[in-house]
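First chain A sits with chain B, and in the next complex the same chain sits with chain C.
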Partner chain A sequence: MEDYKFLFKVVLVGNAGVGKTCLVRRFTQGLFPPGQGATIGVDFMIKTVEIDNEKVKLQIWDTAGQERFRSITQSYYRSAHALILVYDISCQPTFDCLPDWLREIEEYASNKVLRVLVGNKIDREDREIPTHVGEDFAQRHSMYYLETSAKEAENVEKLFMEIAAELMEQARSKELPRYENNSPTINGRTTVIGDSNCCSRMS
Partner chain B sequence: MTSTERIQSTVLSLVETVNINGNMKEEYEKLAQEEEAVNLRLESLFKRQCHIEGKLRGMTKVLPNLQIVHSDAQQLAEMITFTSTLAENVSAKVRQLDIARSRASDCQQRVHDLLDLQLCAEGVKASLHSEDYEKAAAHVHRFLAMDQHLLEQTADIAEDCTNVTNSFSLLQDAASQLRSVVNLRFDEAVRAEDLASVERFFKLFPLLGLHDEGLEKFSNYLSTKIADTANGNLKTALSTQASDRRANIIFADTLTLLFEGIARIIEIHQPLIETYYGPGRLLRALGPLLRECDVQLRRIVAELQRCRRLEALAQAARAAQAGAGPRAEGEEAQEGAGGEVRQLDPALGELAIAHARYALFERFLRRRLAADADAGAATDADRRARLLEVDAALARGDTCRRMQELLSTYLGLERLFMVQSVRKAIALDALDDAGAGAAGGLCSSAVDDVFFILRKCIRRAASSGSLDGTCAVINNAGALLEEELCSALRARLRQGYPSGYLDLTQAYNSVLAGRLQPTDSEQQRVLFLAALNNADSASEYVETLVKQVSDEIPVSTPMERSKLDSCLHGLSSSTSGIKSVLDYGIQQLRASAVKPRVGPWVDSFQSVSHQLSEDEFTAYEADQPFVQTLVRNLHGLLENFKESLTPGNYDTLVTILTEEVTIHLEKAVFKTSFNRLGGLVLDKEVRALASFLTSSTSWSVRDKFARLTQMATLLNLEKVTEISDYWGSSTGPLTWRLTPSEIRQVLALRVDFRSDDIKRLKL
Partner chain C sequence: MEDDLPTEYDVIVVGTGMTESIVAAAASRIGKKVLHLDSNEYYGGLWASFNFDGLQKWMEECRQPNKPSETVDASKAKEGEKLVKAGNQFSTVSNLEEKWYILEEVADSPEGQLSSKITQTEGEEHPASKAAVGPGEGAASSLGGESEKLEKEGNCEKPDSDEAKDNSVLNQRENWSQNKLKKEYRKFNLDLAPKLLFARGSLVELLISSNIARYAEFRSVTRVLTWINGRLEPVPCSRADVFSTQNVSVPEKRMLMKLLSSCLENEDANKEFEGFEDKTFVEYLKSKKLTSNLMHYVLYAIAMATENTLCMDGVNRTQRFLNSLGRYGNTPFLWPMYGSGEIPQCFCRLCAVFGGLYHLKRAADAIIIDANGEKCIGIMSGQQHLETANLVMGVGYAPPDFVKTAPSGGLSRGIFVTDRSILPSDKESLTLLQFPPLDGAREPVTVIEVGHTTNACPKGLYVVHMTCKQQTTAHEDLKAVVEHLLHVEFSDGTVARIDTDIKSTQTAHQEGSSAENPEGADASGERPAALKPQVLWSLFFNCPETSQCDFSADVPSNVFLCSGPDLDLDFEFSVKQAKEIFTKMYPESEFLPRAPDPEEIVLEGEEGSGEGAEQKEGEEQGDAQEGPKEAQSEE
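Then we have the complex of A and B:
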C-alpha cells in the first residue's frame, strides 16, 4: 500500500542548460552535480513531502531542453498538474525563448495546469534579466514567479513546496485527480468536466 | 489598674497564648515528622555499616598485593624495552642487507642492460640489413625498455665509454630509421591493399613506442574499408526496385549493414589490438571508425529523408489535421488524409527498425568499450574516469545526435499517424453486425479499430528500442482516447435517445439491411446504444491494452520500469474519462427511455382500489392484475434492450429501471388508501416486483426495494401498536430506511388506523 494521499505530476521545461536537472537534483537529492551532461529524453524522480500533515507524492519529470527531444517531452505536458518553465537569469536568449515555450504549453498542456516561471542561477554575478522583467512577464501570462539558485540551494525547496501546497489546495476543491489512501485509481480527472446540458447526476 | 482593665489584659494574653499554642502545635508536629525522618535515615545508615566494614576489611587484605603487582609491571616494562631494542638492532641489519641486495640486483640489471645494448646494437644492424623488421623492432623494443638515462651515467663511469655511447647512438638511429621505415611500409601496404602486410606492420608500431600512431593509422585504414562498403551499399539501396521485397525498409537495411560492418571489424580486430597494444586502448582505436560511421550515417539518413519524403508527409498530415477537425468530416479531406496516412505507415515501420538497429549497435559499442575500459583501468578512480569518457564519446557523436533526431521525426509522424487513423476510424464507424447478439450487445467498429491502431503504434514504438519513445507514444495514446474517442462518443450520446415506439430489433435489422428506409429516430436509437456499448467496452479495452503493453515491453532497470508504469498509469486513467461519458449516456437513456415509460405504468397502481373485502381480495389475489401487467411491461422493455446492450450496460439499465420503478411506486403508494387486506396485497405486489427485477440481473437490486418493503410491512400491520415489534430495541437486523415522520405518514394511509393512535406512537 502506498502511503500518500495525493500524487502530482510536475514537469520542468525550458531551454537547454538553464539548470532544470540541477533544480531537480537539488530538491530530490540535495546535490548540485557540477558538469552535468545534457539530459536525454526525460528523467523522472519521486519525492514525497509533507504538507499540513498530509503525505504528498511529487512525480517530477525533468525534460531535455534540446530541440530534438521535443516530440518526447511534449507528450508529458497533457497529464502534468504543474509546469515549471525555467530560464537562466544570466542568459538573455533563454528568456527570449519563453514565448515559444508558452505557445507549446498552450498547445499541449491542459488549460488548468499550474504554471510557474523560474529564473534560475541567481548566484551568478553576470545577471542579464532584472527581477522585475521576469516578474512582469510572469504577471502578464498569469504565472507564478520565483528566482532560484540550484547551486546555493536558494528557493529550491520553497519552489516545490509551494507548488505542492497549491496543487493540494486545488485538489481539495475537487478539481484534480485524487488518489485515495488504499486504492491507486483516480476518481476524477482534470480534463473531463460534466457537460453543460447534462441531466442530473446519478445517485 | 482597674479590675476591668486587668480582666481585659488577661483575656488578651489568653488569646495570645491560644494563638501561640496553635502555632506550637504545628511546630511540634513538624518536629515530630522530622524526627521520624532522621530516625529512618539513621536506621538505614546503621544497616549499611556492617556492609561497609566488610568491604574495608577486604581492602586491607588486598593492599599488600598491590605492591607485588607494581613491581611485576615494572619488570615487564623493562623486558619489553629490552626486547624492542634488540629487535630494532636485528631488523636494522636485515634492512641494510635488503638494500645491499637490491643494489646488487640493480647492478646486475645494468650489466645485463649493457650486455644487451651491445647485443641489440649488433642485432639491429644485422636485421635491418636483412630487412627482418620484426627482429629489429624487438631489439629496439628491448633498448627502449632500458633506463636510458642510467645507462648513460654508467657509460660515463665505465672504461670503454666509447663503446657504450656508440651502441647508444647506433640504436637511437636505428629506432628512428625503423620508425620511418615501418610508417612507410604500412602506408605502402595500405595503398597496395595488402592486408597481411598491413597487419604485419601494425604489430610493429607498439614495439617502437608508437602506440597512438599505430592505432590511428590502422583505424584510418579500416575506416576507408567501411566507407567503401557503405558507398556500395547505399548505391545498391538507391537502385533497388520498388517491387523488391525489402524496398520498404531498404534504408533501414543499409543502416543495419553499416552497423554490422563496424561491429564485425571491432569483433575481428579487438583481440589483435589487445594482444599487441594492451587493453584500455579500444576507445582511441575506434575514434576514426566512429567518425567514419558519422559520415556514412549522415548520408544514409539524408537519402532516407529524401526518398521517403518525410518532410512532405509530415506537412501533408499536419495540413490534413488542421483542415479536417475531429468532427468536420469532409469526405474529400478524409480521403486526402487517408492517402497520406497510408504512406506514413511503411515509413514509420522503417524508422522504427532503423532506430532499433542503432539501439542494438549502441549497446554493443557501450558493452565493448566499458569492458575494455574496465580491463585497462588501474584504479577505481581511473575506471570511473574512463567509463565517463566512454559515455561522453558515445553521447557526443554525430551518430547519436542524428539518431535522436530521427527518433524525434518518427515520434512526430507516429503521432500524426495515430491521430489521423483514429479520426478515420471514428469517421468510418460502422455498425458491427457480427458482434451483435453473440458477444452481447450492439457495437460499432470504431472502438475495435481505435484500439487496434493504438496497440499497433505502441508496439511499433516499443520495437524501436527506445523506452522514451515508447512512453511518448503511450502518453499520446492516452491523450487521443480522451480527446478523440471520448468526445466522439459524447457527441453521439448528446444527440439523445429518441423516445417513441420501441422496436429495436426491427430498427436494427432495417438499418443493417439498408432496406425499409429506417426512420431517423430508429437509426439514432441504434447509434445511441452502439455508442453506449462502445463506451463500456472501451474502458475494458484500456485495461487490456495497459496490461498487454506492460507485459510486452522489455525494461532493463527498475528506473525504466517505474517510468513505463507511470506512463501506463496515465493511459489507464483515461478510463475515468470514458466512464463519465458512459454515465452521461446512461442518464440520457434514463431520461428519454425509462422515465417516461415507467411513470404511466406505475401510476395505474392508483386506479386499483386497495380497500378490499375478503371476496375482492381472493379475486384480486388470483390474477394480481396490476403487478402482472407491470412485470409484463418491464419485461418487454428489458427484452428490447437485452439483445442490444453489453452485459455491463444491461445491468446498469436494470438498476436505473429499478430506481425509477421504486421511486414512482413509492409516490403512488402515498396517494392511495389501504385497509388491512389492501396492505397484504401491496406486500405481495412488492415481493413479486422485487423478485422479477432481481432475477433480471446479476447485480443485487434488492437493496433498492428496502423502503417499499418496509412501507408494505407497515401497511400490513394488525394494529398500530404492533409497530413496536419492529421499532426501537426490537428492530433486530432490520435497518429502517424510513424516517419516523414517514412512518406516521404511511400508517395514516390505513383507513382503519385512528390518527390519535398514530400520533401517540413513540418513535
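Then we have the complex of A and C:
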C-alpha cells in the first residue's frame, strides 16, 4: 500500500524574482512560465521521484511572497530537510543578499539541513556573476552548487534528483537520526511523533 | 523603491499577534486584499517565542525608555483627513528582571572530573550511603547517585530501558556555564506567552477545519500535576489513570468516576446541579462528600478553578477538560513544537499563500481619520499614505484615544531554565501544573514545563513557564511558587547544591532506605523527595492583560482592536475575538473555510481531487496513507 518510502521537505529561499517559483513549477509540472494566479492558494508542490527503485516524495515549499520584504515566517524553515538558496546570475544584488539569507537560515533552520546554492537564469545573456564566484561562495559556506535555467529546463531535474538522492543516502546511512536531537524532521518524526501522539495527526 | 507598497487594501492589519494573524488569514482566504505589518523584526509581538539571543534583544528593547514621540507630519494628510499618532501604554512590558544562577565560565577540567565521578557512582549498589559524603567534589557524585536511585525506583516495571535512562540522567548533570548556554542559543524557543491547546478546543478545531494544521507540529502534554500536601503529585485524568493511580483509594476512584460522569451528562444537568446555580463549585463538590484529595484534584487540576468559582462555571470547566481527553494523548492538552509563537505565524503563512502582503519592521506611524472622526481612511506608514476599508490593529499599536476607557490589568510571567524536571520520570515529560492559590489569598499560577523534545531548550535542560494574574510585580507574585518548586540559589556547579539542599536530600535517603521496597513507599503515598531543579537562568516580567477590555467604545466603526495575551491556558479567546472581528467586517462570508491541499490544485491533475481531500498532511509518517500520484504520473 505504501506509495513512497521517503518523504522530504525542501524549502526555497532567495530574493524576490530570482525564479524560485519557476524552478518549482518546472520541476513539478514541466511548466514555464507558471500560470498566473495559480500561485494563489498554493502552499507547496509535491512530486514523487524514483531513486534506486525507491519512491521518494518531495514536498517543495515556496515562500508565498513573504521574501519580498524579508518577512518569512520562522516556521517556514522548521523541519526542512533541504534548503535551496537561489540567486539570479544576471542580477548582482540577488547575489549580494546571500549572506543575509544565510544568517536567517542559520537562525531558524536545523544546522544539519542540506544546503544547496543555485544560480538561476543561465539562459540569460547578461550574466553578472561568473560561475566560479558562485562556486567559491558555496564552498566557503559548505553548500552544494548548481546553475540552472528554469526557462530552458536546464539542470532543474538534476537539482531536485540530486537532493532526493543525497537525502535518501543520509537517511539510509542513518545520518538523519541526528535530527532527533535537534529538530525532529521526517525520519525523526516517524518515531518521535508516533511515540508521543504528535498531532500531525490532526485532521 | 523596494519598500514601496501598493496603496489600497481591503484590510490593513497592524501587529502580528494571535488575533490579528487569524483575522488576516481569514480575510485573505476569502480573497480580500490584505496588508499585514509589524514594527518588530519578528512575528508575534507579545505572543512571540524567541531563541536565547532573540530574547536578549527583546529585553534590551523593553528596557529602553520610550522614544521621544515624534510628531506626526500633518502635511501628509490629504484634505479632510486627521492624523492620529499610533502607539500606547498597552504595549509596555514592565518589571523586567533577568538573573543568572551559574558561573559565566566553567574551566574544562572540573567538568571532566565530575563525569568520571559520576561514572564511578553509577556502579554502586546503595546510593543512600552517599549522604555521608561531605561537600566538595563528592557532592557531585552524590547528586548522580541520588538521581540514579530515583530513576530506578520509578522504573520498576520496565527494567529493559534502564540503560538508556541512566545515560540520559547522566547527561542531565552536565555542568552548564553562562557561556555554554549562550553558545547553544539557537536551541532555545522561549515563549513570552506560553499556551496549551485543548485537544477539542476551538483553536485545534479551527486548525483542522482550515487546514492550517499542516504548518504546525505539536506534542501531547504527558502529565498533569498538582501541588497537594506540600508536594507534587500526578493527577489521574484519564479513565486508565484513575484506575492505575496509587494516590487514590478504590472507593475514591468510584467516587471520582461517578462525579466526572455526572459532569459530562448534560441531560441530567438540571437535576444534578439543582440548587447550586448561585453557589460555588466547591460547595457542590462538598455536597458530593468527596474526600479532600479528590476535591483538590477536581477543583484545582481538572476544573482549574478556585474556591470562588461558581458551580456551573466549574462544571463547564470540568467538561472542557474531559471533552478533550482521549483525542491525542494521555492528557487533554497539546503543546506547539518550537513554542506558542509559531501559531500566529501559521495563520500569517496562510494569509500570504492567499496573497496577503507581509512587511515586518514596518510601522503604522499614524491612523488617518476622516474629518468627522467616524471612519478610518487608512494609515501613514513611513512616507506612504495607505488606504484601507478596514483597519485591524493590536491594542498596543492603537492611538491612546482609541483605548480611553480600557481598564488595565496585567500578567505576571516567569521563565526559568533548569537542569532537571520538577518531578523526574523515566521519559522526558511535558507537564502542566496548576499551582493552587496558597493561603487563600494569592492567584493560582499556571506552570508549564517543557524539555528539549519540544525544541524549547538544549538536551538535558528544561524550561519552566509560570503565569498568573498580576498583583504586584511578577517576581513577588510568583515568589512562593518558585520557592516551592525550584532551587534558586547561585550554584558554581560543584559544591553549592548539596550544601543548601542537604536536609531534603537526607530526608530522601532516609525515606528511601526505611522502605526497602519502593513500591511500598508508593502505596503509602510517600515518595522520596527529589532534589529541586537548579535554576540556571530566570526572567520575570509583567505585561498588560487586555482581554477584559471593551475596545469598541472609542474607535471609528471600521477599526477593530485585538487583545494581547490573556490569562487563559488556551488560545480560545483570540479565536473568538478574531471570529467576531471577521464577522463584523464580512458578515456574509465563511470564516476560514478549508484551504485546499496542493494535490487538489494541480492544474493538469488527471485524478479526482476527492482523494486528495482525504490525504493527510505530508508531514507525518511516510507510511501514513496512499497519496495521490498526479505529479508522478506526469513525467
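One rule holds for everything that comes next: the second predicted complex is superposed on the first by the 156 of 203 C-alpha atoms of A that agree within 3 Å, B and C clash if a C-alpha of one lies under 4 Å from a C-alpha of the other, contacts with A are read in each partner's own complex, and residues count from 1 in each chain.
Heads up, the rule we're going with is that a residue touches a chain if its C-beta (ideal position, glycine included) is under 8 Å from a C-beta of that chain, and two chains touch if they have at least 3 such contacts.
Bear in mind the structure is a predicted one, so any value in this text is a computation, not a measurement.
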Original post:
What is the contact status of A:K5 with respect to chain B (first) and chain C (second): first, second, both, or neither?
Top reply: second
Original post:
Which of the two partners, first being chain B and second being chain C, lies in contact with A:N111: first, second, both, or neither?
Top reply: second
**OP:** Could you look at A:Y76 and tell me whether it touches chain B, chain C, both or neither (first, second, both, neither)?
**Re:** both
Original post:
Looking at the overlay, what does A:N155 touch: chain B (first), chain C (second), both, or neither?
Top reply: neither
Original post:
First (chain B), second (chain C), both or neither: which does A:N120 touch?
Top reply: neither
Original post:
chain B or chain C: which reaches more residues on chain A?
Top reply: C
Subject >> Touching partner for A:T28 - first (chain B), second (chain C), both, neither >> reply: second
Original post:
Looking at the overlay, does A:G41 come into contact with chain B only (first), chain C only (second), both, or neither?
Top reply: both
**OP:** Pick out the shared contact residues on chain A: the ones touching chain B in one complex and chain C in the other.
**Re:** 38, 40-42, 44, 46, 59, 68-71, 74-76, 78-79, 184, 186, 189, 192, 194, 197-203
**OP:** Report the residues of chain A in contact with chain C in the complex, numbered from low to high.
**Re:** 1-7, 9, 28-30, 35, 38, 40-49, 55, 57, 59, 64-66, 68-71, 73-76, 78-79, 106-107, 111, 181-184, 186, 189-190, 192-194, 196-203
**OP:** Please name which positions on chain C make contact with chain A in the complex.
**Re:** 2-3, 42-43, 51, 186-187, 204, 207-208, 211, 213-220, 222, 328-329, 334, 337-338, 342, 345-346, 348-349, 352-355, 357-362, 452-453, 455, 459, 595-596, 598-599, 601-604, 616-623, 625-627, 629, 631-632, 634-635
**OP:** Could you please specify the touching residues of chain A with respect to chain B in the complex?
**Re:** 37-38, 40-42, 44, 46, 59, 68-72, 74-76, 78-79, 177, 184-189, 191-192, 194-195, 197-203
Subject >> Residue ranges of chain B in contact with chain A within the complex >> reply: 391-392, 395, 401, 404-405, 407-409, 411-412, 415, 466, 468-469, 471-473, 475-476, 478-479, 482, 486, 490, 494, 562-563, 566, 569-570, 573, 576-577, 580, 583-584, 586-588, 590-591, 656, 659
